[in-house]
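Common to both upcoming complexes is chain A, partnered first by chain B, then by chain C.
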Partner chain A sequence: MEADNTSVPMKILVALLFIFLLAPVILVVPLSFSGEQILSFPPESWSLRWYAALADNPKMISAFWTSLLLGAIVTAISLAVAIPAAYVIVRMRTLGSSFLYNLFTAPLLLPTIVLGLAILIVFASIGFLGTFPGLIIGHLVITLPYALRVLATTLGNLNLACEEAASTLGARPITVFRRVTLPMMAPGIVAATALCFLVSFDEVVITLFLTGPRLTTLPVELFHHVESRADPLVASVSVLLILLTLAVVMIVDRSVGLSKTFVK
Partner chain B sequence: MTAITASAPPAAPRLALGRTGTAIALLLPIALINAIGFILPVLNLLRMSFNEALAGGGVRETVTFENWTGLFGDSFYVELILNSITVSLSITLATLVVSYPIALYLHRSTGRWRTFLTVLVISPLLTSAVVRTYGWIALLADQGPIVSGIAALGFAPPRLMFNTTGVIIGLTEILMPYMILSLLAGFGRLDPRVEEAAMSLGAPPIKTFWRVILPLTVPGIALGCLLCFVLAVSSFITPKLLGGGRVFLLATEIYDQAIVTLNWPLAATLSMLVLIIFGAALAVYARILRAID
Partner chain C sequence: MMHQTILSGSPTVSDDRDVHLRLDGLTKTYGNSVAVSALDLSVPKGELVALLGPSGCGKTTTLRMVAGLIQPTGGRIVVGSNDITAMPTYRRDMGLVFQSYALFPHMTVAKNVAFGLEMRSVPKAEIERRVKEALAMVRLEALAERKPRELSGGQQQRVALARALVIRPSILLLDEPLSNLDAKLRDEMRNEIRDIQQSLGITAVFVTHDQVEALSMCDKVVVMRAGKLEQVGTPIDVYEHPATPFVASFVGRTNRLEGRARGDGTVDVGPMSVRVPGRPGGNVEIMVRPHRIRLLDADAAQGASGEGTNLLSGRLTRVTFVGDLLQYQVDVGGTEIVVEAASDHGRGIRSVGSPVALAWRVEDTMVFGRSA
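Entry: the complex of A and B
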């Protein structure tokens, strides 16, 4: 329901501010159908030429596949590593859980420009720069805290009664975890999957430090493109990216509800 | 670990040992990644800020304070630091001003409308900063709609891109979702009945806002400002692209020193400075919170 006690000028102001907030994202849609050679808005002619240009751009396409593969691997490892960690931290409560939780989520407190530089210097000395394993570890540093946070919250909110019942009825701890805890964590796992994938797929700053001339991700390729040229190519990529994000978000929304995932 | 095992109830010593062993095994992967990708690099970065940079990108292991003293002795860097702080403060203030009405409106709305608006607020967060900055480049360009619009009204066309103004406009928009969500989180104490009480007692809307609404929302404002300031100081993509290499801020300088000039000790020192500024911002925030209580 709309807020009734809001005056008309206030409503107009809020509408204008929403336009300001959404303008750059909405703008890329018409821009991507531009028929112009250079970036200009509004375009004087319309065409699909920049989608065709995208299909003919092997660098962008290979960067996209790199990002997709990287995102998938990083997400899989994040879940495999964060689910047991969340279980130990929330359920076993033996090893100074809150200290470990804070330690493992601490990378989120650092700005990515600082973290990127820090990882660059260490990775340079062990030959990890411009390599796929280097990118995987670099991304894990920031996806793991998100995964751990979402999964620990999910676990903490679960009712212990079911697990205790299974345990009392003679199920071994690993069976309880596999047959009771894990299925009950499903919404949190879906949310963590989506979040890890989006974080990895969108990551620019740390990746910028770790990619090389032969191995680059889509956001980094876009960054370099925007830095050097002003044409509507990035708009067509952006539209496809927005559609991909929407698809991921809708999957999450169907299974757990958007607000539960992103509003903490 | 032995201490934990020893102090466990004697009735089930083997279980305790088994549990501790399992716990360590399950935590090992995350601890390893945390150590290789976070602890080690950050400690190394701190160490690097005391090394000596050699010409051509070399680094000599030593303990020198030259990077630090050099920073404050060089007017370029003093100006860069001050500029970063002022620009970030301007962005924070601008973000607060444009986010507050939205947050207030969201706080007052209910049901599906509220959910829809919340999704609108969050959706830019799911879009890459590169994409949003690119949108701003199209909007703020010299031939773009905003500059042409201002020129059509008969004013001198301003330059909105490749300068500080462009960076402030772009980052303000990019940080808005964070500010709106922080404000909303802090609006809990704002009960519509308090406003109604003030109004029914005869206070004009402006006075109600300044004397009732604003003071009650200070915690949210403080949180949002802390978050936006910290994000503005360390943001890189937008200043780099919208500044077009002509706006010098801490984050862009860290990148240039690390990638272009290959002066890692200086880049490390600037990074540590960013963290020190973070600490200072956090201290100011804690002080404000204490002053409210």
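Entry: the complex of A and C
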């Protein structure tokens, strides 16, 4: 622990901010244990019935597996594309490097609704709507920029001299990359993995355009559920989602450290 | 090796069989700016040569071209009798020690040192033995299983040295290896690097901006300025007989006076007359090292005067105690001259404002021509 020299008003402000940010999350937990038929706070009776209902809801379960698989595949492809791309852009500086970087990270600046609409129009014409490959490509549009940005920053901050040292010691370029560059990028790769997975797993706006009656992701299924009914099932799903997110963040923290991964 | 060189029939190479590394008109330009300009240099086998100069003089660029990390725009790099100008870094067989150490942070000390041997597919048992030897050479056997970040700066630099030497490189390159260390450690490492280099008899090129490192460690000093050679010589040559005013002022401290030579062995500096060696003419620059000047009381000055001595009188304007040295600033007819004397328990400090005389031998006066 560092020396605590924060002033009292500052502490109060920070506490208020935390409450403001976390209130919805905290509220969801008691709601999920509600015994009521509809969402109301505070619940008048308590039960586990909505967790049981979740287990009996095949649509939610299948949507969950879809989301999980989708997140895993999208993350894997994002890394497979972004690692070499970051290397080319940062290490092999050419005239087009900064142009390419800006082009690849541009989707971050566009409103997702615009992206979603654009993807809808293209996919409708080639019959990709409501298909799993369609979902993968749609999600890649938004996860790739994150992956590229994180990895390019990581690579840019590495001591180039380490790679040069490896080559003077007799390592060919591909060996330098495999034995030195890649391991040194590990914190960035973990961060990019977590970020891509969470972005894909959470994504609603673009996915809304791409899912169909047979294929849907968990956030979209939740969204549709809330549209038609107002029962506490959403709360129990939300609690599970929060736990999953927390698990990912904790894995990151345990393996490389949160501040090292996301702050720098 | 030597036979090959003779048989190769290249006249320039066979002239000088002991030359290990040769740079022929080595040039590097970036757009319109010239980093290194047609550099010619020969490094004999087993010598430690310093590339000395201020930042931006092209010394590091030169070293990096030798290592293959920068592709030259012109000229050749020859090792033994092989032209390696176009050879990729990983085939050059050179050990490079970086200013930033550049240890692999994800590997232990032993793994760092073993890296170059693994790249050469050395058998495992031999790797283990040679890593041990190399770590013993830099006295770090005990830290073999540590990660670099758990080591002090000096230890990290010794690992880097072991890593570069364990592959038995043909040439050892050192890029300001001591600049990130504190003063005491720097002195130790200086001796350590020199001892290791001499015991292995390895040819080495040492880049530094620190004249003390260059003078104290190296067989030969190459003073560079703005991408060009200013002077190549032994440390004593470069210090005692600088070829240019730049070398005189960059290597060691010096007093600089401008004047007009009469052609009879004297130079007019303002109202004063200074005797110099030889009979130069025209506009000249005169330099005298501060420790070559003796500071005398004004009334004792007459006795010191003589044919071989320059004698000027002035007024003491400042005295600085620097521990082992006393630095005097003396105003001589409007020109400031610095004198250094060994300090003896702070005895003999004269008071500021007192009239003093400066005396130095004519042969200690360096003269350089000056345009306009």
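By our rule, the second predicted complex is superposed on the first by the 238 of 264 C-alpha atoms of A that agree within 3 Å, B and C clash if a C-alpha of one lies under 4 Å from a C-alpha of the other, contacts with A are read in each partner's own complex, and residues count from 1 in each chain.
The working rule: a residue touches a chain if its C-beta (ideal position, glycine included) is under 8 Å from a C-beta of that chain, and two chains touch if they have at least 3 such contacts.
Model, not experiment: these values are computed from the prediction.
By the touch criterion stated above, A:A53 is placed in contact with neither chain B nor chain C. Within the superposed three-chain model, A:L169 lies in touch with chain C and out of touch with chain B [touch as defined at top].
Contacts of A:L241 after superposition on the shared chain: chain B is touched, whereas chain C is not.
Looking at the superposed arrangement, the partner reaching more residues of chain A, out of chain B and chain C, is B. When the two structures are aligned on the shared chain, A:P111 is found in touch with chain B, with no touch to chain C. Residue contacts after overlaying the shared chain place A:L39 against chain B, while chain C stays out of touching range.
Residues of chain A that lie in the contact sets of both chain B and chain C are absent, per the superposition on chain A.
Contacts from chain A toward chain B in the complex involve residues 1-3, 5-7, 10-11, 13-14, 17-18, 20-25, 27-28, 31, 39-42, 80-82, 84-85, 87-89, 92, 94-95, 100, 103-104, 106-107, 110-115, 117-122, 137-138, 140-141, 144, 148, 198, 202, 204-205, 208-209, 219, 222-223, 226-227, 230, 234-235, 238, 241-242, 245, 249, 258-259, 262-263.
Residue ranges of chain C in contact with chain A, taken from their complex: 67-69, 88-96, 98, 100, 102-106, 115-116, 119-120, 160, 163-164, 167, 173. Contact residues on chain A toward chain C in their complex (touch as defined above): 159, 161-162, 164-173, 175, 179-180, 183-184, 186. For chain B in complex with chain A, the touching residues are 1, 4, 19-20, 22-24, 26-27, 29-31, 33-34, 36-38, 40-42, 44-45, 48, 98-99, 101-102, 105, 108-113, 115, 117-139, 141, 143-145, 170, 173, 176-177, 181, 192, 205, 230-231, 233-234, 236-237, 240-241, 251, 254-255, 258-259, 264, 267-268, 271, 274-275, 278.
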